[in-house]
């Protein structure tokens, strides 16, 4: 437990060491937030409600999505794959803590930093310019829980596609494809309620909506009571399922390394 | 060929003096350096790390603009006539590779040929010469990233000389190389200097490089030129000393041996310093063995750091 | 001038050959780039699945603007995308190596690479353009054809100027690389949609301050024969080449200034 905490702290500090880069990134998030907000407001000149979202809902959605981009690290991450490729994974495997647990702890430390410093500032700026919606205290707590679960789901998925490097020399294709699919079905680009029915159906059976769409819906109060519990359980389910798959991939990959000598 | 007069280079850095405040500090990397290098000379530029060597070379090659003073390289002013000067000089910076990492060595040469506008026949001649002298054929078509350090250095040296520069600046060209490779590099530089009259400014920590290649040494420390003279003078005066380290069977009083003086005693081990021209290691060993029971011995050469330190502390030796 | 082009061709030729060495890997990269860039257009389609018009623009009109912007950006990304790594070049001290060569530094930096996989985005733009034109009834005359042909490279030059200006930041601080992204990739995203969607003050900002509105929007208004919501004089629609030239001039000047700073402040 103590080790996990230490790793989390390291994860936080690693990104806190580059304040200028973080500020620059937050600026980028702000610009994108503005563009997306105006696009959606233009859409809402023609309709009052789309899929249960009002104009205020979608604008809030935009700024929350921008806040979550770096928090859940939705645009992908390849560090593990690089370490597998250059062989440093061997030293990682020799350590008392296995890579999956290591990266999970590390990421759970990193996420608060990004939420606070790349998520909150653009959101505040968005709040100053637009009329955003704010959660009830209960929903706010549920939101915190949901975001944490989203980070775990995202990390587990990232771990999975990174482990392709155990088997593929040129893993970039798998990584790119995984990022593309997860981005599309996470609700990052537009709320899934905007999608045609058949695309929405596909999205519902995939884990990716747990990364962006679900936390935002919780914030907006789209779920209450049993529905709220259900959606959090769904996130937890995907988190555990993907972690289990990750562990299996790690075991298989380690076996392969040991046999082939990396 | 190279004329440097009263050249200074200062940098401004900010040092944290508290939580938010910072103090403006001016670092004088090079302070009032004056020297002149005639055409065809091979000059060694030495000094401890941080002395101002690379800053000087950067000013000579046009990378940095001096804060004060006048520089003329091949009759051109590096800071104002950078591109013109670049056609006539070559530069090799130790750890930084100018060859294209992913491309075969020969392709780097071809690209440089076009960048420097080397006439086709001259390029072919030079390439043939370097291929032979530096033995490039075994790896001419290998991507640079797959080359060993020795091979890469040979490739870099060829690249530097492809466009027939009149002056070359070499920063630690032999660092990390094995003995055979070092010798090849030195032979190449000697040949290029003798046959084409190329002026060479060599920055190095290796005293053997200096002894083999340079007829003249410039020594810089803390931004100031503290020695400008021939290599033989330097070697005679300071590099001429060696240390014989002897391990006796049991501790003894400092040995009195002609031609050497004991500079340190630690139990059964003694350090005897002697001058190269006054005694030979063999003679001293025999003399020591005659006076005490000798178990083991070693010979330490004086390295550049010691030489510089000595010159710096003795002050007026410039 | 000719000599410069010859050297440019040789430098990027070497990179291109190196990229094409691994055919399968390259093809996959290209296809991947094609797919990812489609995500942006899928957003447009999803939007129009829910509404008939976006700020008085039909789906084919938005597709036209989107395609022109995509192609402009892709061409620029092809030639200059690697400038994103420029901060690292400075950090590693490799910029000095460029100063020792008898060529301009900006030329060497740009000529260092040509990432062919960006053609995936270019191809995507062409496909979307085909879709757009199939649904539009444009009265093609010499003027409109010329405008279509000019607006794309002019847009690329504007994007390129933004990229170069952004890269100059690396001479002062190596951590600000992401700041440039806000303008390059942000600019790309922004120009995919009509400026009509913004509030009045934002529209003015985008027209007069950061001339993104000139990249494809104003020329598109002319080709599509749409009124300008800002009510600006119509000759501005023909000014994108001029804006592009000005932008390039500014970028070149900023670069020169930045290099001068680098050479006095110490590499």
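A, B and C are the chain letters, set down in written order, and residue numbers restart from 1 in every chain.
Quick note on the criterion: a contact is a pair of C-beta atoms (placed from the backbone, for glycine too) under 8 Å apart; a residue touches a chain by one contact, two chains touch by 3 or more.
Computed from a predicted structure; not experimentally measured.
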item	value
Each chain counted as touching subunit A and subunit B at once	C
Top chain pair, ranked by number of contacting C-beta pairs	A-C
Cα-centroid distance, subunit A relative to subunit B, in whole angstrom	53
Distance from subunit C to subunit A - Cα centre to Cα centre, in angstrom	29
Centre distance in Å when subunit B and subunit C are each reduced to the mean of their C-alpha atoms	47
Residue numbers on subunit A that touch subunit C, as the complex places them	18, 20-21, 24-25, 27-28, 30-32, 34-35, 38-39, 41-43, 45-47, 50, 170, 172-173, 176-177, 179-180, 183-184, 189-190, 194-196
Residues on subunit B engaged by subunit C in the complex (per definition of touch)	9, 11-12, 29, 55, 58, 61-65, 67, 79, 82-84, 86-87, 89, 91, 93, 96, 98, 100, 102-103, 107, 110-111, 114-117
For the subunit C and subunit A complex, residues of the former touching the latter	22, 25, 28-29, 32, 35-36, 39, 42-43, 46-47, 49-55, 173, 175-179, 181-183, 185-186, 189-190, 193, 196-199, 202
Interface residues, subunit C side, partner subunit B - complex	3, 6-7, 10-11, 14, 18, 92-94, 96-97, 99-104, 263-267
